[in-house]
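Across the two complexes that follow, chain A remains constant while its partner is chain B and subsequently chain C.
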Partner chain A sequence: MTEPAKPISTKALIAASLPRRYRAEQRFRLYGRAAILLAISALALLLFSVGSQGFTAFSIYRFNLPLQLDAKLIDPKNTADPKVIAKGRYRKLIQKALSDAFPDVRSRSDKRALYAFSTGLNSVELRNQVVKNPSLIGTKIRFTAPLSDDLDLYLKGKITPRKFSKGDGTITASVPGPKTLALTGQPGAFEALIQHIRQKRLVRAERLEEQAEKLRERIKGTSKGVALVQHTEIARLEAQAADMRQKAKEHTIHLGKNDPSILIDFNQGFIKAAALSDHQLSGSVLSRPTDMEPTQNWRSLILDSPERSRRVTDKQAVWAEALLARGHVKRSFNSIFFTHADSREPELAGIAGAMVGSVLTLMATMLAAVPIGILAAIYLEEFAPKNRLTDFIEVNINNLAAVPSIIFGLLGLAVFLNMFHMPRSAPIVGGLVLALMTLPVIIIASRAAIKAVPPSIREAALGIGASKTQTVFDHVLPLAAPGILTGTIIGLARALGETAPLLMIGMVAFIADIPKSLTSPATAMPVQIYLWASSAERSWESRTAAAIIILLLLMIILNLTAVFLRHKFERRW
Partner chain B sequence: MAALVVVMLLAWFNGRTKAVASAGAHPSTLHSLPGYSGTYLAIWSVLPAFILLALFGLFGDLLLNLQIRHSLPADIRALPAEQVELFMRNARALAFGGTASETSAALQEAARAYASLSRTSNFVVIGAVILLTIGGFLFARGRIGKNFRARNHVEAVIFGVLVVCSAIAILTTLGIVLSLLTESLRFFSEINTLDFLFGLKWSPQTALRADQVGQSGSFGAVPLFAGTFLITFIAMVVAAPVGLYSAIYLSEYAKPATRRIVKPILEILAGVPTVVYGFFALLTIGPFIRHAAEAVGLSAQTQSALSAGLVMGIMIIPFVSSLSDDVINAVPQALRDGSYAMGATQAETVRNVVFPAALPGIMGALLLAISRAIGETMIVVMAAGQSANLTANPLEPVTTVTVQIVTLLTGDQEFDSAKTLSAFALGLVLFIITLGLNIISLRVVRKYRERYD
Partner chain C sequence: MDTSVSPATQTTDTQTAQQAPKVQARKVNVFYGNKQALFDVNLDIPDRSVTSFIGPSGCGKSTFLRCINRMNDTIDICRVEGDILLDGKDVYARDVDPVILRASVGMVFQKPNPFPKSIFDNVAYGPRIHGLASNPEELSEIVETSLRRAGLWTEVADRLDEPGTGLSGGQQQRLVIARAIAVRPEVILMDEPCSALDPIATARIEELIDDLRNNYCIIMVTHSMAQAARVSQHTAFFHLGKLVEAGPTEQIFTNPNDKRTQDYITGRFG
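Up next, the complex of A and B:
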């Protein structure tokens, strides 16, 4: 008989399975931790990517140049008429100030590149200054304005990193031609630069080979005609790569259009290297050195991305460096961002217009949604008879809370704009749409708060002769107020971040003025973020991120207020 | 408006004084507190006038419009509907100092009629408001007295206001349904419903001239539904496991202290505005996916279904986790204890006892999350692309229902074209789907709660 063996084997079986089961337990726990970690790191990544992009927009490079307010360009006939003064040629004045800073910039194309330092809209600012104070005409003032966004980005190192390195030993200059300069240093003076270029060329060769390899794989299985075209492309890429490898070995490096720019700072001037060997360098003069004396104080500036693939030319870079060195360009707090409305020029664009728009919209939302929401909650919680209609209202409210926000936008468009002919892009319409959207949130929160007031309060009030209405408004409502307030604030915070319904009712227009009333065209912060995020230029990116930072801060403040109120006034019964 | 407030205050004080006076030397014999008499008087003097003003503000313009339309010359009334609409718009503009796109004698005539009618109606309404105010005041003042039950009347009005306020929720739903339905019906009278629901090609541009090539746009919404489905699917692939495991860990394993910290952090994910997620997808995740795809030899664009789906998944993690957390917590402890008593480990208990018991509720939570993902707009507008692309490849840009609604309705639009109306048809589809999901999930969750209460 084998029977007695059975219980022992079951026990052994269990014991044997225990390690496996414990491992499963550990694994399960690990999955849970991993999930939480994933969610939190996603949040961290989000905040980090926004934060790191955004904080550069809080400072801006401004130029500060002496500017002669030439009467001939403003008010040639000396009329002192404000209308004439307002029509002065202020753009020309700013351009003159810029070219005065660089007297040796002569050619038309160079001048145009130099004038690009200041956007045309800066002339409006100058005009306003002069119109306000006509006595300035004929005098010399110092004019401060934001540097154009591309140069701002360049100086912030966002276009390509500005890699300065201090030079070794003394270098002497000789002048072989009118616009060229040759520099000679001690042996090995330019070794590091040469190594850098070689390195870059090898990297580029590798990348070309990779591309060729990828193409080669892709043409397997394509038709012959296509393959033929691809083969010539592959051959071209490989020839380029071979050429690059060859060039990387050159003894004397001749810099081509795909190489980084090497700029040598020599006696306050900049030379762009065209050819360089171990201790000799020749190149074109981008800005003239003050003298040709040998010097130990020289620096090299490497801009890794090739000149043709960036928005700032070497010359512009050199001028910006010169202005920075002279103290005519300084980095300071970007107050424009907080005081201006939207603009076509990134350096003059600000969030103030959108902020005011958001405040107005939210005000309309609050005025509409808060009283209606609270009164509806009171009715449903205190007065409503339990019947079909009440049930229907409840189901309705719960469903409305989950309707996509864009549907509310469609409602606003069809009812407020097309039926009642309310103005497009107006905060009042946006506010009403958002009010309909936040109404369910407020009602649900208020009902919870009213429900939390114990019945004994009501009974006591009724007992001393108060009517039902008096009980509710004089006793229940004050006790439920903190809870209602908390729910309301959270609902409003959500409305503050809402974008889609506002797009539907036309709050996406470009609006360059700060809105003044509930019916003037406006935009709101999230919409402004959307608009900027869809702009192509690089400098909008950091401004978008900065606007997001401000929006998030506002929302955090609102939510913290809610949490604070809850902690401070919450009563547990 | 300010005048109404002044009248209200005056009436309040007057009513109060009269009530006090009527009681003579014994104010305590009054039926209601004197303040109620004041409120009663204030209500009667202001509310009727206010209602009239509000009605006029809402519908006066509409009535005026109809009136003028009827008085138009016959040849203009015979024009097609859009042109009459345009004519009316121009007449309005001329009458109220806007800019009209054309001027003609008939238009001038209509504008003059418009302006004069609007002036007369304004006078009539102002007169009526004054009459109503005085009449209401006198009527109510006559009734105030020692035994007048002012409080009951005031409370009846308050009750009415409460009912009206809670009816606004119904009105909103009604407004949504009606506006979507009427516009959609107009759309479906031009475009075949079946073509819309099952057509494979979406290119909603309608031509400016009738002889233009491809002048009739095609409105086959299947690519949009497919795109929506693809993105929602990717989002749920991210959010369902992460959300569920977080909920299980938080409710079954985590210490109270950890829970107190982690839960609010997860909720922050739900509070971040969607436009911020869109920016994140566009600038961080999109390029990252493109580089990653290129590194393994695939081609991808910055805007892709994958980047939008991933980011949307992150956004709905907290919806899944906090709803399932509630559900899991509602599973009675006795079930767990029974399982432990049988010798099960904690993970086995969760997997074989708690999870099956919570399954209906969890399904409800997932459905709610899906409906949220379908209705989400900004992330997909910014990160998924605009081209109607019928594909299952997540690396390609796709478009969704919400994206198309936004692209069709932003910017300049004429209101009657099929292009604009199609946005409302899409909205209707979206509304029906999300409403259905919500109703099902709310019902499931509620039924499940009742089971264990």
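Up next, the complex of A and C:
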């Protein structure tokens, strides 16, 4: 070591290094803030996407129709026997109520489309009402039931946006043939609609050209045989695109099967446009106008997605609009979602069954895991000798906490179901499996909490002659309680959100009843979410998101309880 | 202490040192794992007086103190050889239960360690677990007597249900002493009871110790030479795990037999 030529004072050395130290500190703070920002934005994104999707499931469109409880269809021989009443043709009654609302719907296919407004399961609800109160037979009641999920989605604008626009000027109608109608307005009355169609056609042409271009790129360097096939495909696409562009220029637009639907609301009836020019429009009558007088109060409804590519036909859309206008369909709070168990029909499915299942499962988990976990932690921390065996046990408990949860499910399947023949899909089995999974978490948290109790407390108790057990239960445990409680609740919150082990023991089944006991078949909330998420129909999407919101809320409540209890019972020494 | 009046205390000997000792140590060796902490300690500790252990840090005086009520049992790697006799009976004998032993040998620690409970419960805990009181009135009486003896009654009489941890350091230490007294011990061990306290609180504790000496055998570890001289009648000097010298405090401080004792007392090392 060589001495520096000129001794530098300590202060100067420190001063020289100060800017670097402060820079390091500022950098660190910046990283910290960036990390927190990232975490918060990820959370916000999750909440926003789930919230915006799930929000729509909390309301539902219900139809409310006068319904004649015709004795001929319920109890034709007037037996008043509940068994006979229970076998009445209630589905037919609901269908009659629907056709009464639209007397001009006559053809079989149209009637079938109309009956799709109410699911078959609604008849069960009606039957229950009548069985409970047989005096209703022969009277006229108002029957309320949720609208079929597709129409519910249509009215919520989730199938295709319902673009209404107020019409310009007076239009007059003429009837060129049966079921067709021609409308004439002032010059430019339909200009906006025509522009909309032209725009759509151009966009479609561009898309076809893009497809052709992509295909052209792809066949470069492929064998001639393949290229030949592709060339015809490219030629077809380009011809279609050219046709589209040509059609976009037409003076009179003829609407094809790939075009949006244009529906004109004229005197409480709807006309579907087939051809339209600047001030003339002709099309088919979907629902009959009340009269043919010229009117200023007309509207146009554009449904952008073509009729053949959506689950709601133009006719159904028009009926739904009519029911809405008459006040026979109303949007209200979706109480079904909170009071029903799972169902095949989205509009009748609820989260209540899964919630009760989760509560029962969690109860079983708590009863099994909490006492065992806490007592094991006390024994290991306070009584067990410190030797190789206890070290080995400790390592294994820590390992168990990191074992993938599906392994516990397999264990439950092998032991509880196959060896002990416990019931399938039962909350008690799910609870025990989750208890096995939660045990290590509770043991580790409790041991940490017990370890954190200062030894002086133990010495004080032992010093006045308390036995080991008295010391632990009178002094150590009360001081460790907040920590134990926190760990336990966090472990239980994890169990609440667990799916994989429950799949293995059959809690993934379709269960249409709210479970009543620890042994009745049940499912749990995360499993319900999993089930719905893998269902095909669009309506399940929002219900899945809504179920996620409720699960998240439960989690937040549990975690807040943990924080609250910790603050309440925390004692200083 | 009422039941164990030995014949020696009834003799008219003026020299307390010649009375039958309350605590006797015979060839005590203590090991922590492979490390030996005490070497062949032989010591007699008389009743109804204050004996202080002095010596540099790590000399084994606290270890020896903790052997007397078997607090070392809680340390897994600690091993004690030799005999420690309380009233002539080996405390490490098979038939001695540490719970009974600790009820009769109370202990006060360096840092005040009241339970995070009310003042009343702090003192009442011992009598409660040992069943010393048959009804609540009796229990309150024990609590009151103990607090009076510890000189804390007048300060806390009107707030017995407040937490013991809310008291000042000196009050906490007196509360802990009251808690020890409440189970009617014969011996009170004090491990540097004043080292965490300010001089005024220290003075109060010292006064208290002086009062308690009439009824108990008090054994105290201290780092303060002055405190040992002020409070104790007997002093034992430990050095490197060995008992160097023990005797009446006056003699140890004025005319020690061993050079090391003299060096320590006069501040040449430690």
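We take it that the second predicted complex is superposed on the first by the 531 of 573 C-alpha atoms of A that agree within 3 Å, B and C clash if a C-alpha of one lies under 4 Å from a C-alpha of the other, contacts with A are read in each partner's own complex, and residues count from 1 in each chain.
Operating definition for what follows: contacts are C-beta pairs under 8 Å (C-beta built on N, C-alpha and C of every residue); 3 or more make two chains touch, one makes a residue touch a chain.
The shown structure was predicted, so the numbers you read here are calculated from the model rather than taken from an experiment.
**Q** After superposition on the shared chain, which partner residues are touched by A:239: those of chain B (first), chain C (second), both, or neither?
**A** neither
**Q** Who touches more of chain A, chain B or chain C?
**A** It is B that touches the greater number of chain A residues.
**Q** Regarding the shared-chain residue A:384, is it in contact with chain B (first), chain C (second), both, or neither?
**A** In the superposed model, A:384 contacts chain B only, not chain C.
**Q** Report for A:410: first if it touches chain B alone, second if chain C alone, otherwise both or neither.
**A** Once the two structures are laid over each other on A, A:410 reaches chain B alone.
**Q** Using the superposition on chain A described above, determine whether A:464 touches chain B (first), chain C (second), both, or neither.
**A** It touches chain C, and chain B stays clear.
**Q** Counting only touches as set out at the top, which of chain B and chain C does A:229 meet: first, second, both, neither?
**A** A:229: touches no partner chain.
**Q** Would you sort A:32 into first (chain B), second (chain C), both or neither based on which partner it touches?
**A** first
**Q** Touch test for A:474: chain B only (first), chain C only (second), both, or neither?
**A** second
**Q** For A:50, decide between first (touching chain B), second (touching chain C), both and neither.
**A** The first partner, chain B, only.
**Q** For A:456, decide between first (touching chain B), second (touching chain C), both and neither.
**A** In the superposition, A:456 touches chain C alone.
**Q** Where on chain A do the contacts with chain B and the contacts with chain C coincide?
**A** Touching chain B in the first complex and chain C in the second, residues 467 of chain A appear in both lists.
**Q** Which part of chain A faces chain C closely enough to touch in the complex?
**A** 385-386, 454, 456-467, 470, 474-475, 478-479, 571-573
**Q** State the interface residues of chain B toward chain A in the complex, per the touch definition above.
**A** It is residues 58, 61-62, 151, 155, 158-159, 161-163, 165-170, 172-173, 175-176, 179-180, 182-183, 241-246, 248-250, 253, 262, 265-266, 268-269, 271-280, 282-284, 297, 314, 317-318, 321, 343, 345-348, 350-351, 368, 371-372, 374-378, 381-382, 402, 405-406, 409-410, 415, 423-424, 427, 430-431, 434-435, 438-439, 442 of chain B that touch chain A.
**Q** Contact residues on chain A for chain B in the complex?
**A** The contact residues of chain A facing chain B are 14, 21-22, 24-25, 27-29, 31-36, 38-40, 42-43, 45-46, 49-50, 53, 214, 217, 371-373, 375-376, 378-380, 383-384, 392-393, 396-400, 402-411, 413-415, 418-421, 436, 439-440, 443, 467-469, 493-494, 496-500, 503-504, 506, 508, 526-527, 529-530, 533-534, 541, 544-545, 548, 551-552, 555, 559.
**Q** Spell out the part of chain C that touches chain A in their complex, as residue ranges.
**A** 69, 71, 74, 76, 99-103, 106-107, 109, 111, 113-116, 125-126, 129-130, 165, 176, 179-180, 182-183
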